[in-house]
Structure formats: C-alpha cells, structure tokens
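The same chain A turns up in both complexes below, where it pairs with chain B and then with chain C.
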Partner chain A sequence: MNKLTFDRKMLVIPYVFFLVCFVILPLLVIVYYGFTDGSGHLSFENFLAFFTNPKTMGTLVYSLVIAVTVTLICLAIAYPVAYILAKGEYAKHHFFLMIFVLPMWINFTLRITALKEILTVIEWNLALHPFANTIVGMVYDFLPFMIMPLFNAFTKLDSSMIEAGRDLGANSLQTLTKVILPLSVPGIISAVTMVFLPAMTNYVVLDMMYNSTYIMGSLIGSYFSSFDWNNGSVISAILLMFIGLCTILTNYAVQSKAERSRA
Partner chain B sequence: MKKRNIVLLAGMLLTLGSLSGCGASQDDTIVLRVANWEEYIDEGDWGEDEVIELEDGTQIFGENSLVDDFETWYYETYGQKVKVEYSTFGTNEELYNQITIGDVYDLACPSEYMIMKMLREDKLRPYSESFFDPEIEENYYVINVSPYIRSVFEELTIEDQKLSDYAVGYMWGTLGIVYNPEVVSPEDASQWSLLLNEDYYKQITIKDSVRDAYFAAITLSYYDIIMDPAFLADPDYHEKLSKILNRTDEETVARVEEILSKAKRNVYSFETDAGKADMVTGKVVANEQWSGDAVYTMDQADEDGLELCYSAPKEGTNLWFDGWVMLEKGLSEDPRKQQVAESFVNFLSMPENAIRNMYYIGYTSSISGGDDGMIFDYLKWNYEADPEEEEDVVEYSVGYFFDYGKEDADERYTLLTSEDQTRRQLYAQYPTKDVVDRSVVMACFDEEDNERINRMWTNVRCFDLKYFFSE
Partner chain C sequence: MNSDNLIELIHVSKSYDGKTDVIEDFSLEVKKGEFVTFLGPSGCGKTTILRMIGGFDTPSGGQILLEDSDISLLPPNKRPVNTVFQKYALFPYLNVYDNIAFGLKLKNMPKDEMTKKVSEALDIVDLSGYEKRSITTLSGGQQQRIAIARAIVNEPKLLLLDEPLSALDYKMRKEMQLELKEMHKKLGITFIFVTHDQEEALTMSDKIVVMADGKIQQVGTPEEIYNEPANVFVADFIGESNIFHGVMGENQKVSFAGSEFQTVDDFEPGTKIDAVIRPEDVDVVAPGKGQLSGKVTSSDFKGTFYITFVQCGAFEMEVHCLKHYEVGEEVGLQVLPDNIHIIPYDTTKNHYEGTLGAFTEEGISVTFADISVSVAPEKIFEGCQVVQGQLQDRKGLTIDPEGRKVVVYFPPNQAKLLDDMSAGTVSGVINSFYYIGDHYSYTVRSDAEFDYVVDDPYLWNQGDRVSVSIPVDQMEISLVKE
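Up next is the complex of A and B:
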C-alpha cells in the first residue's frame, strides 16, 4: 500500500493556494478588465485615454511628487535613526526600537485623526496647506515601514567592515559613502518600495487631511464607485507596470554597479 | 480516557441538536433579508428618562429594536414565525454593488435615484394591490403616509413605470447648508453661491458626492434664469424648475465643471464623513448637508453649547427620499416572502414606530399618521413653545405635509414655536411650504449622461497642472 507520507515540500501548499487565489487570479482579473471595453472586447482605448487626458496625467504627476517627497523625507529621517538603533550604543536596548515601531500598533485612522488635531492647533486652518499636510501625514504614517527594513539591513552589516575601513585610513565621511552606504543598498531598496507605492495610492490620508485633490488611489476608487471597472482596472495595471519597471531598473543599476566594482 | 469520550459524545449530541433545530426552523420560519442604511432604524435600548410622553398621555419608548418588535408583532398578528436578517450599507452605490455581485436581499431602502436605476434594470417587484387597500386594518402605510409624500411619488415615472407602484417612502428631506450664525450671515447662507463666496475662503465644506455637488453647482449655473421674477411667478414654476435642475446636456455639464473647479479652490474640502464633526468642533463654519444629518449636527452642537442653523437655499433644493423596495431576485425564492416584506413596511409605518425612528435617527419620516394626530403631537412635543414663558414665539405651519392640497390644512397644523426654530431643527425636519415649493427631485442620470458627469467629476478632482506651483 502506498501510504500518503508527509513531504516537506507540502508545507508550500497553503502559500501556493493563497498566491493563486489572492495574487494571481486578481491580477488576471485586473488585466482582463483593463484591456477590454464594457462589452468584453479587447480594447486599448482606456489605456490610451489615461495618457491623453491632461487631467489624469496631472494626477499621475501629483501622486509622483507626493510619493517622491514622502520617500525622501522618510529616508532622510529613518536612515540615521535605523543606524543608531542597530549599531549605536542603544543597540542593546530594544526599548528604543520599540518606541519607533510602537505607532504601528495603534490604529492608523486614530493616529491621523490625532495628527489632524495637532496640525489644526499649529496651522489654524488645515485647508490652506493641503499638500504640506498630506506629506506630514504620510511621513508620520509610513516612517516605521522605512525604519524596519533599514534596521534589519544594518543589524546584518558586519561591523568589522566598518572597522577595516577605518583601519585603512578612511575618515567618517568616507566610511559612510564607501562602506556603509553601498552595503545598505538592498535595505534602502526594500524600504523605498515599502513606502513609495503606498504613498502614491493611500488616499485615506488625503481624505482625512482635507486634501480634495485626487491621487492615483482615489482616481481608481472613483472609477470603481461609479461602476467603471474598465478604467479603474487599467489605472491599477498602469500603476503596477510603473512600479514593476522602477524595480527592474533599480535592480539592474545595482547589479551592474556591483559587477563593475568587482571588476 | 473514558471521561473524554463522554465529553466528545456530549459535544456531538449538542451539535446534532442544534443542527436539527436549524433544519426545523427553516421549515416554518420565514427569513426576510433586509438591507438598510447604517443607523437608520430604532435599535431600542433607550435610557429610562427618554420616554416620549405626548399631549394625550400616550407614552412611546424604544425598549427593543424595531426589528425584534416586528418579529414579535408578526407572530402575534399572523401566527407565523419570521426571522429578519438585517444588514446595512453605507452608500447607494455600495448596495447596488452588493446586489450585482450576488448578495440577495428581499427588501432594501435605497434613495430615489437608485430606486429609479433598479427599476429601469427590472430588479424590483411591484407592491401587491392589497397593500394599497386602505380598508385593511394592517395596511398602516397607505393609511398613514403623508399625502404630500404620496403626491411626490405619484408624479415620478421612469420608462412609463410609476415609481409609486414599486417603492414606498421611509425618510425624506431637503439638501441645504448648516452654518454657524455667528460667522456666516443668514443672508449669505441662504444661497448656494456661499460655496463660491470668498469671504469664507477655505471655511466651508461640500459633500464628496457627485450628485450633491452637481445639484449645488447647477443651481448656480442657471441662477439668472431660475431667480428671474417672471420665472418665479410662472404658474408652471415647479415643473420648469425641475426640468432645468435636471439638465444633464453637455453644455450644462461644462458649466457645472467650471463652477465646481472654482468651488474646489474656495472650499475647505469635499468631505465624505467628517463634515458633521467639523461643524461641531468649529473647523468649518458652513457645510452642505442633508436635512436629517443637519438635525443631528445641530443636536450635537447644542450639547456643546454651540448654536448652528440650517438653510434650504432660495435658488432651489434637492428633495430626496429613501424608500423601501422589494427585490425580485430575493422574493422569487419563496412566495410567502412578499407578504412578510409588505408587513415589515407596514409595521414601520405605524405612527408610534415612525416616531421611535425619528427620535432615534433624527431624520423625518414619510408618515404623517393619517387621521391620527400622533405625529403632529410629536412635533409639538419636540418644538412647541409657550408664549407666556418665552419671547419671540411664532406660528409655524406644516399643513401641506399632513393634509396636502386642503385649504384649511394650515389652520389645523400650525404650532407655536420659538423664533429660532424656524431656522433650526424644526425647519430642517419639517421645512415650510415655500421650501417644498422650490424643491425638486433629482432623477437618476441615464448611462450616457452618467458617464459624462462622472468624467466631469474626475476632471474637477484631478490635479490641474496649471496650479502646480500654487498648491
């Protein structure tokens, strides 16, 4: 009798099930709706309409500006913090790491509501600075997502590398640019991807911060709520391609740089 | 080991018992699946000091939820067990999406335009003839519905189908502006141009909804026509106003887009849900609002000692209502369901239950109580003022609602109320005749217009590269 035996490979079954049901199938649905018209015929009209309408292009630009600004600010704040938490004298105290990650444990709408009240006290009228408020709200929201991957990258970074650099005569700046920075690039990339895409689509922050201008996420939402599955899907697909392209390009750049330095 | 077996056995028996219980209940209990707006029915559990005591000594109190009370009432009246599966939705579009995706309901309560859309798509079943028979004692809806609401329903048709055959009124009201009278003058607040008024730069919110924004903007784009004295005096004024404010042609949509783009730069924001709280906390000084929400906002502000007012703008206001419709797909599963669904509507239409709903949710019921004076008594209980105790007491007539078209109606349905109530909760809950005269129902847009209007809305909301450096 061929007994059914447990194979270690079978552990992957739950994930494959998840992958197919919640990642691959929905993606196919998006592509199907994105490139068909209402009656199910293949059509590139929606795709072209997005790029020919100055208003939707304006939204793409606006979302990009927001996402880039948020990502840069988050990076500027998170990079030194993550380094200190991982390598500095506080490294042994998990308490400090916890303080930075703690906001993640509190409901996000609650945090933004509180932030809204604080900003109202400072600015008096929130509606006068919708862009600035959006940036503040998003930085506040996404900072922990930037810190965590960087923190992990720094803990894995071998301290002897830094010491070796110093021994070979590098000053602090040189250690940073020639040793720490190149070694933390994978961490930076994963941290940036954690923040960049959500920043382009997280319209809840805009809604709550009284910014009535659409970003990509709200644009998709507005199409879906008016039952326009085709236009909503095509924008989701465009966003996906855009992010995919960015990831491929950065990976390529990092790899070729690594090869060059090896050569 | 033995012990564990016993526990297991007991567990299995319990499961079996409950399973068979389930099976039995499916046989003789009719399940009615109801979809309603969130917080749109009396859920009971009132505090002990909340008893409503009317002039004639009638006491009204919400102990259990109306849904539970219906199940009891139905069993007592018809000797048949029913179970209501009650679910809620947040927007009309959400309900529509749920239905198209495959959720099945028997009875739902969408707004007028969504009723029209569903009717056009053959999703609804007409009410039975016996439902409209006033001779039957249990037909509380027909007996108690406001004659005014009935006349509004009867005028509405879509593709030669009368709306009144398919839908019955639940709550109704107007679209207006809640404002803080200390900052905004009543004169400024009495017109839709408030949204463009630069004196209140970044201090007013509009609703984040295409239809509500569209309505405000269309009154502005035809301001010169609809405020012309000759037009106002026209015998067909109401009909003509309704035609103009329901225009969806390209030229109109373009004008609306221009106005809304201007408004977007002037207002605080397009709000989805924050408007009510922001009025109370003082972040904004005026806010486009449905009358029922306006009552809620004013009540909330009163508790904080802030006095807010409501206006139904003079150019015209949107008369809206939510109505009960029976869904063909759900009812076709069980022939007994239609009677239960109709009974549910009738139950909610008992004056006493209408009052419980109004008290609990703050909206205005379509029920006027027929010959029963209970609803008017409730109005008095809420708003009547004694001229001997208060100054500035005025007469306020709502005859049209209780006895539409009768000349002496106003005499019988006039109450004495404090002067400020003519701008506050009473005015929002039961508008005066002149407000009703300039209110129009906004029909649902047809496919083609809908697409154009949605595109216009997206354009308004998208980022305009022209203003790249100013935002």
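Up next is the complex of A and C:
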C-alpha cells in the first residue's frame, strides 16, 4: 500500500482553495449578476443604465472628486513625511515611524468618531461642512497607507544618487525634482493605488461625517440593501474595470518611459 | 601659500560622534595636474577625506582650501569638483545621453554645444554612439566609463574617484587602470583616487598618501613609498616584506635574525631598529656563504618567480627567486647593504601616562590607559620602607604617592594574548598585525581606544576579540619629575 507522502507542492492547496472561494468565485458572481437581468437572461441593460443615468454618473464624478482630492492631499503630506522618516537624522529610530503607523492598529470607526469630536469643537456644527469633513476624515484614515509604500521606496533609494545629483551641480530643489522624484515614481504609484480606490468607495466615512451625498460605495450599498443584485454588481464590475484600466495606464506610462530610453 | 597647489588640507579632522576622530590632524597639499592616490586598509578614513573634499561631509576641524579660498563649508554643487562614485550612481531613469548631460543641462548649456560635449566625453571613454542606450543594458565596465564621462564632461578642476575599479574583474581593472592614467594625461585635470589596492596605487599615481587609522603614514612617489617605507605599517602594507627587530652596531652594521649585516644607513650604535628586506632583494647563495643559512620550507611557483620560504634558525625569510629549490634543501642567503632598509623603532609603543593612587597594604595603585593595577612600592620608589603603615623614603621622610604622575611601559614580548576575556589585564580587538621574522606583532585596541602592542608566536586574526595579559612585575614604572 502506498504511504501518503507529503510533497512540497501540496502547500499550494490552501492558497488555491482560498483564491477560488474568495476571489475567483465572487468575481464570477459579480460578472454574472452584472450582465443578467432579474430572470437570469444575458443583458447589457444594467451596464448601459449606469452610463445613461445622470444620477449615477453624478455619483461617479463626485467619487472621483473626493478620491482625487484625498489622494493629492495625502501625497502632499506623506511624501515629505516619508522622506524624513526614511532619510532624516532620526531615520534609525523607528519610534517616529510608529507614531504614523500606530493609528492603523485602532479600528477606523473609532478613530473617525474621535475625529468627529475634535471637529465639533472647531466647527460647532459638522453638518455645515460635509465635503470638507469627509476629506479630513479620509485623509486621516488613509494617510498611513500612503506613508508606508513611500517610506519603503525612500529606504531603498540609494543615497549616492542624491549625492551624484548634488555633485553634478543640482541645488536642493533641483535634486528633488530631477533625482528624488523620478526615483520614487514606483513608490508613488503603489501609494496612490493604496489610497485612490478606498477613497472612491469608503462611504462609512461619509455617513459618519453626515455627508448625505452618494459615492460609488454608497451606491453599491444602497442597491444591495434593496436586494437589487444586478445593478449593484454592475457598478462593482465597472469600478473593477476602472481600477484595472488605471493600473494598466500607469504601468504603461512608466514602462514606455524606460522603453523610450532603451530604443 | 603656494600658487601651484590646487587643493590644500590644513589640520583637517572629522568626528561623527564628537568623541572619536575618524580623521586626525590631516594636512596635505595637492598640486595642479597631479594624480594623487589615497591608499589604506578599509576603515582608515580615506573615503571620509574624499567626501570632505567633494562636499558630502563637513570637517569637524581645520580647513580645506581650493586655489587658496576656503571651501570647507561649501555645498557640493558650488564646488568645481566632480566625483566618480564607487557604485557608479548612474540615474537608471535616464539614458546614457541624459546621464552625461545632467550637469550641463543644469548650467543651461545650448543644445548643440551640449550634444557636442557629450559625444566628446563618450569618445574619451571609448563608448562613441552609446547616447541612446539605457543604463540598465550596459555592463559594469561600460557603466563605469559612463560614470567617468558624466564627471569629466563638466570640466572640473578636480576629479575624485572613490574606489571606482573595485567592482570590476581583474582584467577589466588592469585595462581601466591604464586608461585612467592615459585620460589623466590627456585631460590635465587633477585626480584624487581612493583605493585599498596597493598594486593599483603603485601603477597609477604620481603621489601616494598611505593612510591608517585616520592618519597619514607616509606621502611620497610610488618608488619612495616602496623603497623607503617610513614605518613598519607602510613596509608591511605595500608589497611583501621581511621585517626583523634589531640593534644598530658600530660602522653602519646592524644585527638581527641572529646575524650581522652591513647597511648604508647611519644610526647611533645601540639604537633599536626594525629592518625591512623585500623578498626580491634576497639572493640565494651556496650553503655557508652569505649572512644567513637555513633550510627551504616551501617553494611555490607564481608565474614569473618562486615564493620560497627559508627557515634560518628561529627566523623565517621570504625570498622571491627565479630558481626552484627543493623543500629541505640547505641554502645560504645574502642581502646587499643597499637592500636593507632601516626604520627607527617606534619608541612610543606601549608607553602610557599614568597616575598613582594612595598607598595601602596591597601596595600602590597605578592607573594608566584603561588599566588599574596594584604595585609593590619598591618598584616605584627605590629603597623605600614601610614604617608603622607609613611609606618612607631612604631618609625616613613620608612619601605621599597619591596623584603623582608616572610613565608606564611594558615590553611587547612579555605580554600575552588570551581568548579568555576575564583572564587578562585588559581586553580589546586586534587592530593590525605583521610578521617579524620569528613572531607576530599585534596591536590590540581597547574599547577606550588605547593601543597595546603584544608579541605572540601564534596567528590570530584581525578583528579577533582578545584579552591581553600584562604581568605586573614586567611593567616599568618611572616617576615623572615635577
């Protein structure tokens, strides 16, 4: 009788199981529901409805405005912070990095609730500035996700590159724009991806900040809560395509730059 | 001030933590158009000096003058100096052309002129037509050349090269050495080159600065450095050498390795010296002839010569000769007076300033360097006596040793190296060592940065943590007259 032998390849089984159950099947379900009608027939109606309905298109635009604003503000704050944490005088003390990363250990609804109290003291009535409060809430929530990839990119950045730039006559500002910035592009791309999608969909922050406008996430949520699986799914699928397209475009932009210099 | 000098370093020192100096009192003049090499083992501070000249570090003390104006605190972009970095530091997101033109673009040079300059620079490094290539597709040697082109295209007054050839393979390195020398002649730019490879330094330089422990050991032409080493460190570091402890006699004669040799150096008879003999300067003669005789212990072929070791009694001599000798063969060795280089013995070794403590029943405590020992009073105060618990001198006057200054010395051959940390008098790390005829001379550096020189017949490694046992009865303690 053959003994049951353990092969290293067997280690892949749990991963494949997980991948199929929680990634591939749900994706197929989304696509199935997105492109069928209530009775299970193939249909592009939901898809077309999204792009022809001014309300859903308005939501898409509003989501984009929020996501772009949040991403830009996060980038503006995180870029210098990550640089100082990685290359500054106290770079070896992870204490300062901890200060920025520690909030990730606390549940985000708890953090937003605390932020609300602070904002209430400043603004008196939160309902007066729903957009601004949403932005503040999201920036606060997503900042660590922006800092970490940038921090990693900067720790890997070879200091002799910066010195070479200085050596060849670049002042501090020129060193930033001509050496540090181009070298940190991969870090920026992954940091932006980490923040952009959540900012388009995380409607819990909006709810908590008394912002009654819909974003993509709230739209999906509202369809699902009224058991309209088809319309909810199609929006999920559209978002998925949207993100996929963004990733392909940025990769293309970065690669073609490298290719241009190779040609 | 000399107007021939391009760069002058005046008492430059550097410390990163404010306590220990990486560079100590470094003074050097570099003439226009010279090819100067900083040579030393890793960690000797040669790169730190280069970084200070380039502007990436600022000196903690002293001045750096460029054409008589102080540039010590000037940022790198304001200095007419360019650097070729050890790992090239080429920008991977730019192609060859944009890398080389980086400095020119910052100067807003017109495009036609820039294109011309870049192609000239590529021509100098033998990579014409590589403008459009991506950096990542180039080999190490090609990247090295681009890094050089990127630096020289700016026409700096001074070019700094930080171990630029260390990442290349042997053949490539040899080739680049000659090419760099050629380039230096053609361009007329002053080169400062940093390396730990003594052969490279000897091949390329007009002037070599040998460094160790952040200090200059010797400055001179390659011939001077090789033929007239200023101290045992230089003799041992540059090329192969046989080093022997010896004593000068009358009429320029010197005795070491159990024999007497004629030299051409004048020293006071009785002076302690170190004699340096290069292996290629030893002639193998018939047994019984020459100053030494011994048995061959090994003979290895090295392409153009044989490395032969000859055991002469307790002493070992390395000889480079063209003929092969059988192991066990009896031979005589002869060294001509010209080929013996005499270095006065470093008399500051193992001398420490110390302070005495109060007299107790156990003796008098002596504190020096990072050692504190109790010594019998007679060892310090000759003819003293203890009367009723009081220390008295010959005349019966009370002696109060506390706070008196002393100089403590111990002979290197009386101390021992131990690997049991708690067994010795003091512990430290082996900082350097060299072979002297029949034993090794080790310099052990303690945590408080004191050096202890110890002779030991056994081989230990650089960086080994050892404990030094110094027998108290072998210490020579002499009072400093006040």
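Some observations on this one:
The definition used in the following text is that the second predicted complex is superposed on the first by the 248 of 263 C-alpha atoms of A that agree within 3 Å, B and C clash if a C-alpha of one lies under 4 Å from a C-alpha of the other, contacts with A are read in each partner's own complex, and residues count from 1 in each chain.
The rule is simple: contacts are C-beta pairs under 8 Å (C-beta built on N, C-alpha and C of every residue); 3 or more make two chains touch, one makes a residue touch a chain.
Bear in mind the structure is a predicted one, so any value in this text is a computation, not a measurement.
After alignment on the shared chain A, the placement of chain B and chain C results in a side-by-side fit free of clashes. When the two complexes are overlaid on their common chain A, residue A:104 makes contact with neither chain B nor chain C.
When the shared chain is aligned, chain C comes close enough to touch A:160, but chain B does not.
Vertex at the C-alpha centre of chain A, arms toward the centres of chain B and chain C: the angle is 140 degrees, rounded to a multiple of 10. When both complexes are overlaid on chain A, the residue A:227 reaches chain B alone and has no touch with chain C.
In the superposition on chain A, contact of A:77 is made with neither chain B nor chain C. In the superposed model, A:213 makes contact with chain B only, not with chain C.
By the document's definition of touching, neither partner reaches A:240: not chain B, not chain C.
Of the two partner chains placed around the shared chain by superposition, chain B is the only one that A:130 touches, whereas chain C remains out of contact. Of the two partner chains placed around the shared chain by superposition, chain C is the only one that A:168 touches, whereas chain B remains out of contact. By the touch criterion defined above, A:119 reaches neither chain B nor chain C. Of the two partners chain B and chain C, more chain A residues are in touch with B.
Here chain B and chain C sit at a least CA-CA distance of 41 Å once the structures share a frame through chain A.
The contact surfaces that chain B and chain C form on chain A in the two complexes do not overlap at any residue.
Residues 158, 160-161, 163-171, 174, 178-179, 182-183, 185, 257-258, 261-263 of chain A are the ones touching chain C in the complex.
Interface of chain C with chain A (complex): residues 54-56, 75-77, 81-83, 85-87, 89-95, 98, 102-103, 106-107, 132-137, 150-151, 154.
Taken together, the chain A residues at the contact with chain B in this complex read 54-59, 61-62, 120, 125-128, 130-131, 207-208, 210-214, 218-219, 222-223, 225-228.
Chain B makes touch with chain A in their complex at residues 91, 93, 96-97, 202-203, 208, 210, 264, 267-272, 274, 283, 450-451, 454, 457-459, 461-465, 468, 471.
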